[in-house]
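By written order: A, B, C and D. Residues from 1 in each chain.
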Amino acid sequence: MRFLALITILMVGGLLFYGTPDFPAWGDPESPASLHVSPYYIEHAVEDTAVPNIVTAVLADYRGYDTMFETAVIFSAGIACLFLLRIYRRKSTTTRLYRHNLTGITLRIAKGGKLPEGSAEFERIDSLWVPYDMIIKVTSRLVVPFVQLFALYVIAHGHHSPGGGFQGGVIFGAAIILYAISNDLRRAFRRLNEKAALLASAAGVLLYAGTGLMCLLLGGNFLDYSKLADLLYTDAIMARSHGILIVEIGVGLAVMAVMVSLYYNLSSAGRHDEGL
Amino acid sequence: MDTLISVKPLIAVLVSLLAIPLIGFSRSPNVREGWTFLAAVIKFALVASMLPAVLHGKEIICQVVEVLPGLSLAFRVDAFGMLFALVASFLWIITSAYSIGYMRGLDEHAQTRYFCFFAVSLSAAIGVAFSANLLTMYLFYEMLSLATYPLVTHHQDEEARTSGRKYLLYTVGASIGLVLPAMLVTYHFTGNLDFSPQGVLAGTASRGTVALLLFMFVFGFAKAAVMPLHSWLPAAMVAPTPVSALLHAVAVVKVGVFSIVRVITGIFGTDMLQAFDLSTPLLFVASTTILVGSFIALSQDNLKRMLAFSTIAQLSYIVLGAAMLSPKGVTGGMVHIAMHAFGKITLFFCAGAIFVATGKKNISEMTGIGRRMPVTMTAFFIGALSIIGMPPCGGFLSKWTLVLGALEADQIAILAVLLFSSLLNAAYFMPVVYRAFFCPPEDALFEARVQEAPLFCVVPLAITAVISLVLLVYPQPFMQLAVMSAAKVTGL
Amino acid sequence: MESLLANFLAKYNYWAYIGLVMIGMYAMIAKRNLVKKIIGMNIVQTAVILFYVSIAAKKGKTIPIIAHGHEDTGHHAVQALDYISPLPHVLMLTAIVVSVATLGVALALAIKVYRQYGTLEEDEIAMRIEEQ
Amino acid sequence: MSAHFPGLVIIIPLVAAFLILIGALLDRRLAFPLTALALLGSLLTAIGLLGKVIQTGVVEYHLAGWAPPVGIAYRVDHLNALVLVAVATVAFVNLMGTRELVKGLFEDRLGPFYTLYILLIAGLQGIVVTGDAFNLYVLLEIAALTGYALVGMSEGRAPLSSLNYIFIGTVGASLYLLGVGYLYLVTGTLNMADLAVRLPALYPSKVVVSAFVICLVGLCIKMGFFPMHAWLPNAYSHAPDPVSSLVAPLVTKVMIYVMIRMMLFVFTPAFAFDQMAISEPMVWLAIAAIVAGSFMALSTRRLKRMLTYIIVAEVGYMVGGFWLGNRLGISGAILHIVNDAIMTLCVFLSAAAIISKVGSDAIDDMQGLFKKMPVTMGVFVVAGLSIIGVPPTCGFFSKWYLISGAVAAGQYGFMAALLLSSLINLVLFFRIFEIAYFEPFHDHHGDHGHFVSAVQEAPFEMLVTLVVTAVLLFALGIYAGDIVSQIIDHAIPVGIT
């Protein structure tokens, strides 16, 4: 196997190596790639879309269609994990464990017994329950809101600084994942349950695609935000800017929800119990 | 050349296909066979209705759909196709009647399937007869191979399975492996696969290529059972006798030789083959098949196997006739399609009738059977005479024409083959007849009490026997059709 | 010799990306542990990102965000040469997302494999399959 | 509205995907009708688009209103319109036919299943219509990711096969992306039409040569072209039946389409066929693929596995036909993309019906099926005949073109390989027919000793779809001439003779 691997990578390496001497030097501003399409973006992005961050402008407008599918990719990854891993009907365990939060007493409730579901004093635990660390719990509780706020900033400020829907969405998702790690999955579900995460991911992409469809209904091509001008009471250029914001929000929502849902499924191997 | 445009050929082909749902979903056997008969009669009537036009030298054309640029699914009825279609569609009626007697007499299973695929086979056979180009012919040729598979393997036992394998391997295998590439190479050279009187290949390919293509076609149409691709035919005798009768005396094997003759005359053209001097190897192959087939037939005890080897030999007469490339030879070959069909089907019917009535398959067990089944054995005698080529039967006529053709082509060796093989034919048929009628009473295995097969069996075989006789006196329209098309293809 | 060295140095990140692709592929083929293979796969994808981002670079230029863009200073002030090329960055945002998504699905499948065979070593999995 | 057809073909299934998920969260039973509706809409749009292309020629669609090369454009010509219709048809027909099977297999995850299903279709259709090389990569990954998930969701060895599929598929896609990157490096554009304009001046460059090779290798990996085919039989044969019957007809065919698109319309035929001079080795590889695929198919006695090996051979047909480099061969390859999609669908669907009823995919367990499932077996026979290449089924006509192309190009080895594979297919299918026809049927099945109740016909809707696909096989055969002269002839650049 090693030998085969060696041969293969030597062949691939040779193939890649073959073209490299003809590459333009690194950082050459006169390289063909820098002379054809990208100058257009740099020179016209602001006047076309009123977005100074050219990457955002290209991402969400000029090549917005790519980005929509990119969101769809992440969405399908989320659905794929759910589809592959989720275990819906577990073999009904005969007993369930509940822990009394104040005293730390664990109850074992046999099948058919009365379950203290919904009671604030009890929480359901797994047999491999590990006591929580107070320091981690409190620190994360402190950090999470700021992370979330920062995430919103990154989404909203994508027009002017590095950032945008993906980055912000990931940060927001990370905040929720941090919460889930520092507590456990069951608690995280209380904040954002599985269905809500799914709904949010679908709604996020749908917001993107729906904006595109709206442009189509208003007489433009798919995703041509300038046609939203009448709806948003602005001119065509600002409509593009706003359109970009709308889709960035959609992307953020979808990415956040998918990240969370990926974590839910991967960390508990689809059982949606206590998790890690 | 006058041409008529008509959908009749298409309908004639489709009639039996359209009857299949009716046959398949019939509730009672009587209704089912009723539909079969009706389809057969309509088919024959359609074919026959085109006969006058063809006899007046017209051709009937029907283009269905252009499947490839410049290549259509198209039908064209000319004299040669008409000859074959007439024989096949007429004998379908007779065989249907015989099938009823045979299948019911033996209480066979899956009779509905049997009648359905029989109808498909007939469609395919008529399709081959009426094809206007090689592609259409290939299509129906393959259809015939596949449709007859369930018929050959009707008994669904181990033996049927082995034979079915052999059957498919030879017929479909050869057609995919040899005919298809040959056809494509031809198409590459000519851009056209229509049958035309002087061929389409002339002047486009070298002698070597033509020779290669010719042999790919001749062996590729393995249904013609040209040696060495002949051994499927004896194996296919496991089929119920009506199948052997119609398909392996008429439809399937004749489709094979029909295709070969068509290709020789319509694709290569007699002139080109003559110019390239390719008739000798063809004649050699055909003669070998005739002689070897006859010798093997001599050694058979199983009646149907003997008939099968006899068929192998007889089929090559037709190839032989076409390979002579002379008008008389081609005429003889073509007429032999009809003559052999009537003669051989009579023989198969007889073999089946014997089996139904007595359960006997081997010649050695048939001593004295003439006393028990006089009608059947008389018919057998007539059929045998026809195959041997003795007056007063139709077979004489075709063999005589072939002999004339051999003289015309100055092929004395072929003359010798023809005469010697007739001798061999006599040598393997006459003992059967002798054994049946003239054995000493003390050797007879049967009592002298007449007990024939069911009427549905006996009447058809009597009819075909009588026709075999009549054909000598009145060989029309077959003779005329053969003469017409031979004149056309040889240009004389 | 000198030009060779200069050539090498002028394109060093292209050489680096080729090296990364080779390392990643080696891991994917030679390693017998599924997670290591997944890591190798990720290395390959990251190498591609390095390659693309290298195309965008212009020596000494800044990121493609136009300062004070919303104050109407006039577009003629913007010179394409002053900013690095934005397009490869956009493309690579997509590629990153794709590689994350692939990673997620690969991990999910690895979990399924683990659930089924109790191991992620290919040799042991092969043994388990033999046993069945 | 018809101006938006190129966009709508993809947007309808894409938007529907999210609605299906949301709908299924409300009520699982909503998933199927929503999917069916969306795919029907997509199919009708695709047909409308094909009609429009035939009437008016190439249709362009600028997404987000930006003209290429700045924006992403769809460019629908005869080639992609045809493949698009094939993809949409297979997707819709398979959906209708496998409803009961899916219900049985994934009853608790219908929503995710249909979401992934329709995203896969959206991805494949996007690959077919897009005119942007990078957009194609994104869509490729969508189709791939959903494919991995669908393939992996089965018991047994499916997850492992799917994981290997991910590894190989990712390498293939990464190579493709690298190739596109190389092209971008020297041209600065990603739009295919723009690339085709700017590349010829650069043909001497080593970068373009390596871009060509890298792209081709990547695509060959993704399409399972010999000798990079090892993932394909495992992934397709271990996948759940309704997924096999979707993925097997579509994914490899779409990849072959991408190869044709890249070679003819990004690189020019002059470059691909003449300058690179790899036609000869590619055709020989195709011959190897055909021979190897056929013999591997002979060596297995599992139905689905056998069919997947046949796919390996069929990929060889199409790649070889394309690299013959003449009009006949390329026509044959394109025609075979369509025909093989329907053929494979038909054969996999009937296999799914059989396996679901028999409970095993060993061909030795198929005894007596002609009696028990006459319609299914009838369709299976038709599909088998088409794969063997018996007229008037469509398989014959594409084979006709391929062989004609081989004769015209003087590649008699390729012709021989095609004929050999036809003969082997004959053996393969009649081996099954024999078992189903001759051998007595026992109600007792499998080595596990459990009883399967007497086998009856597949569900009604499955039978209907099976019959429809069988009829399609004949229709495609009869109209092969029209398809070639009306569509495929216009799809191939004029320079190729």
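As a working rule, a residue touches a chain if its C-beta (ideal position, glycine included) is under 8 Å from a C-beta of that chain, and two chains touch if they have at least 3 such contacts.
The structure displayed is predicted, hence computed values, not measured ones.
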Interface with more contacting C-beta pairs, comparing A-C to C-D: A-C
Centrality ranking, top chain (CA atoms only): D
Farthest-lying chain, centroid of Cα atoms versus that of chain A: B
Separation of chain A from chain B, taking each centre as the mean of its C-alpha atoms, in whole Å: 74
Chain centre separation in whole Å, for chain C relative to chain B (CA means): 71
Intercentroid distance (Cα basis), chain C paired with chain A, Å: 19
Centroid spacing, where centroids are CA-atom means, of chain C and chain D in whole angstrom: 29
Junction residues of chain A, two or more chains touched: 16, 21, 23, 31, 33-34, 37-38, 41, 63, 66, 70, 73, 76-77, 80-81, 84
Chain D residues counted as touching two or more neighbouring chains: 134, 138, 141, 145, 148-149, 152, 159, 178, 184-185, 190
Those chain pairs that satisfy the touch definition: A-C, A-D, B-D, C-D
Residue ranges of chain A in contact with chain D within the complex: 15-16, 18-19, 21-24, 31-38, 40-41, 61-66, 68-70, 72-73, 75-77, 79-84, 86, 88-89, 195, 198-199, 202-203, 205-206, 209-210, 212-213, 216, 220-226
Residue numbers on chain C that touch chain D, as the complex places them: 21, 25, 28, 34, 37, 41, 44-45, 48, 51-52, 55, 87-88, 91, 94-95, 98, 101-102, 105-106, 108-110, 112-113, 116, 125, 129
Chain D residues within the chain A interface of the complex: 4, 7, 11, 14-15, 17-19, 21-22, 25, 61-66, 69-72, 108-109, 112-113, 115-116, 119, 122-123, 126, 132, 134-135, 138-139, 141-142, 145-146, 148-150, 152-153, 159, 178, 182, 184-190, 198, 205-207, 209-211, 213-214, 217
Residues on chain C engaged by chain A in the complex (per definition of touch): 7, 10-15, 17-18, 21-22, 25-26, 29-30, 32, 54-61, 63-70, 75, 78-81, 83, 85-91, 93-94, 97-98, 100-102, 104-105, 107-109, 111-112, 115
Residue ranges of chain A touching chain C (in the complex, touch as defined): 1-2, 4-6, 8-10, 12-13, 16-17, 20-21, 23, 25-29, 31, 33-34, 37-39, 41-47, 50-55, 57-59, 63, 66-67, 70-71, 73-74, 76-78, 80-81, 84-85, 160-162, 166, 262, 265-266, 269-270
